[in-house]
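The structures come next, written out as structure tokens.
You will see chain A twice below: alongside chain B first, and alongside chain C after that.
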Partner chain A sequence: MKVTKGRSKSAAILFGALLMGAFVPAAFGQNPKLDIQNLEPLAKKASEVVDVNLDGALLRLAGKFMTDEDDREGLEIIKNLKGIYVKNFEFAKPNEYSQADVEAIRGQLQTPSWSRIVSAQNKPEGETSEIYLMTASDGGTVLGMAIIDAQPKELTVVNIVGPIDMDKLSQLEGKMGIPRLGEVGKESKKVEGHHEKSK
Partner chain B sequence: MKNRSKFLARAISLVVLMQFLPAAAVAGDPEFHLLVGRMSAYCQKRPMPFMGLVSFIGNRFTPPGVGHLQMAIFENVSPLRKPPAGELDSTLQDLVGSGYRPFVQVHDNRNGDQTYIYVRESGKKCFEMLIVSIDSTDAVLMKMRLNPDAMHDWMDEPVKSGRGSAHGGGIDVAQEGAAKQPTD
Partner chain C sequence: MTPFEEKLRNALRREAAPEGFAERVVARTRRETQPGAKAWWQFWAFVSARVFRWALAAAVVCVVIGGGLVQRHRQDRLRQEGELARVQVRQALHIASVKLNVTRKRVQEINREAPSSRL
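Presenting the complex of A and B:
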């Protein structure tokens, strides 16, 4: 009888734990992978759409040929990543897409776990760049990153999934479909220069 | 006269040899043969003849770092054989098999061309790339081997390379600077 009681108690605890496990990620929205595959309004307007899919297996594959000294830090970053996903839209004419079209992406970044860390505008060129970070509830670990790089005839969305060392991120700039952010970063300090939490 | 017959004999043997090249080229890679068979069954079309010869010649002109080019073209594929846009991805993945990882997809809305690029590791330091390109009437299947330098270039510029590949010049775009030939 005692044994049965103990067993049912353990079963109840286990069930409770499983239930919590099932609900916790959903409740905190801690999934840094964005749904960038189905951006239909933008895809319909674009003259060309390019999807780059570097999942964990491909990143490990990529790591095998990053043997140069220059690649060492890049390799350190990608070995912990779960994926890099890039969606690039090219338009025939300038301003063929509106900010409302980009909302499908921004909307996904409006959760408390995502923070916009950079928002830079180059008005004469009509270019804007935004960088968002998803951090763990401890506030320290970066779980994922999103970049929206909008130009008059081109829009690029990058989603990096997995822990990222921000100090080493520059090693990935201009690689794997990730835009060069050095100039944007410098400019952003002038433009924004603060850590804006998404609402 | 004697020289002319010798030349003729050589020319005839070359032509005869070339007739056998396509079969030999395809037979050399049973996996590509299998993929062509699957694609053929799916499209309900036989591939264009002499593609082995075309691939053989094409291999002479591949950029550094790219080799073992094989190609199959399926012409006049019925639009009824084209899967709906949302299903093309999974249909092609089923055709190429799970060993190949989807890498780049290019959708050209101007002409309806869709290009799917898959990669996988092959041997110690080589990569195999499979390109499936489908337009309104034709389908093209290409397989090639890339050395690490060539693959490095693809990884550096996947958007540019994928776009170039969809437009027929991607290999050149991707392989700038890749100097070594792939090894077996």
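Presenting the complex of A and C:
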């Protein structure tokens, strides 16, 4: 009888530990994957939609097919990633999405583990660009990245889960068919804003 | 009459046939003399053995070909999924890279403009 009690106690402790293991990171916001499903309805209003949902398994599968020379940098970047999620909506006319749509994403980034490292706002034009990073408690390891780029006729949310090298990502410009910034045609807009380092 | 002759006479003496013997002989004779009956059974035995062998061979061929087709279909699907994932990775990295650089560029512009606006 005592043995049974002891076993059930051990099982209860084990179960509790597993439960804590499952919920503690979530409670402290350690999951770098954002819930961006709330943006799905915008697809109906958008004239152009890019919706990318790549979990770890799909990234590994993609990696096997990235054999071209110009895929090398991209392969290096995705090597250790656990997911890439992108939603990009282009609208025919402005104000097709609401601030609530953006706030729903931004709200998830207001946990202590996320830091807004860059924010650029052009209030007259109604443009906002923000970059968030989630770092491990040691402060060095990047666990995930989020980019919110809200323009009157375009909304983009990028969520990269896993250790992302921002410099390497930035350097992809001009490679893998990615145009250089000068070719994008959005850099010449006059902006006001601020550069906010992590809090 | 010697004892041997006596035994021989006993052995060769007439005996009445068992009950229903004549009917059974007649019935069997009729059955076997029906046109084609025996031949049909012989033919069926021959054919069925051959058909079985052919059917078995055909089944094996079907399994091998079918398995190959399924495997090929799976590989095709995996390749398609892989190619699609590759395109999506490129697209995602494209957008992420461009947005990252656009944001950085904007911040740089802000920082450049900020001192001049103070003058």
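Operating definition for what follows: the second predicted complex is superposed on the first by the 123 of 199 C-alpha atoms of A that agree within 3 Å, B and C clash if a C-alpha of one lies under 4 Å from a C-alpha of the other, contacts with A are read in each partner's own complex, and residues count from 1 in each chain.
Here is the rule we use: a contact is a pair of C-beta atoms (placed from the backbone, for glycine too) under 8 Å apart; a residue touches a chain by one contact, two chains touch by 3 or more.
Note that the coordinates shown come from a computational prediction; the quantities given were computed from them, not determined experimentally.
Colleague: Spot which of chain B and chain C makes contact with more residues of chain A, would you?
Modeller: Touching more residues of chain A than the other partner does is C.
Colleague: Looking at the overlay, what does A:S129 touch: chain B (first), chain C (second), both, or neither?
Modeller: Second partner only.
Colleague: Applying the document's definition of touch, where does A:V86 land relative to chain B and chain C: first, second, both, or neither?
Modeller: It touches chain B and chain C both.
Colleague: Report for A:V118: first if it touches chain B alone, second if chain C alone, otherwise both or neither.
Modeller: A:V118: touches chain C, not chain B.
Colleague: Looking at the overlay, what does A:L34 touch: chain B (first), chain C (second), both, or neither?
Modeller: In the superposition, A:L34 touches no partner, neither chain B nor chain C.
Colleague: Going by the contact rule set out at the top, does A:L172 touch chain B (first), chain C (second), both, or neither?
Modeller: Second partner only.
Colleague: Is A:D149 touching anything from chain B or chain C once the two structures are fitted on A? First, second, both or neither.
Modeller: After superposition on chain A, A:D149 lies in contact with chain C alone.
Colleague: Once chain A of both complexes is superposed, is A:I105 in touch with chain B (first), chain C (second), both, or neither?
Modeller: neither
Colleague: Would you sort A:K64 into first (chain B), second (chain C), both or neither based on which partner it touches?
Modeller: both
Colleague: Does chain B (first) or chain C (second) touch A:E48, or do both, or does neither?
Modeller: After superposing on A, A:E48 lies in contact with chain B but is clear of chain C.
Colleague: Where on chain A do the contacts from chain B and from chain C line up?
Modeller: On chain A, the residues that contact chain B in one structure and chain C in the other are 50, 52, 54, 58, 61-62, 64-66, 86, 88, 156, 176-177.
Colleague: Would you mind writing out the residues of chain A in touch with chain B in their complex?
Modeller: 43-44, 46-55, 57-58, 61-62, 64-67, 86, 88, 90, 92, 156, 174-177
Colleague: Using the touch definition up top, name the residues of chain C that touch chain A in the complex.
Modeller: Contact set of chain C toward chain A: 78-79, 81-83, 85-86, 88-107, 109-111, 113.
Colleague: For chain B, which residues count as touching chain A in their complex?
Modeller: Listed in rising order, the residues are 101-110, 119-121, 125, 127, 148-149, 151-152, 155-159, 162-163, 166.
Colleague: Please output the residues of chain A touching chain C within their complex, sorted ascending.
Modeller: Touching chain C: residues 50, 52, 54, 58-59, 61-62, 64-66, 71, 74, 77-78, 84-86, 88, 118, 120, 122, 129-131, 147, 149, 156, 158, 160, 166, 169-170, 172-173, 176-179, 181, 184, 186-187, 190-195 of chain A.
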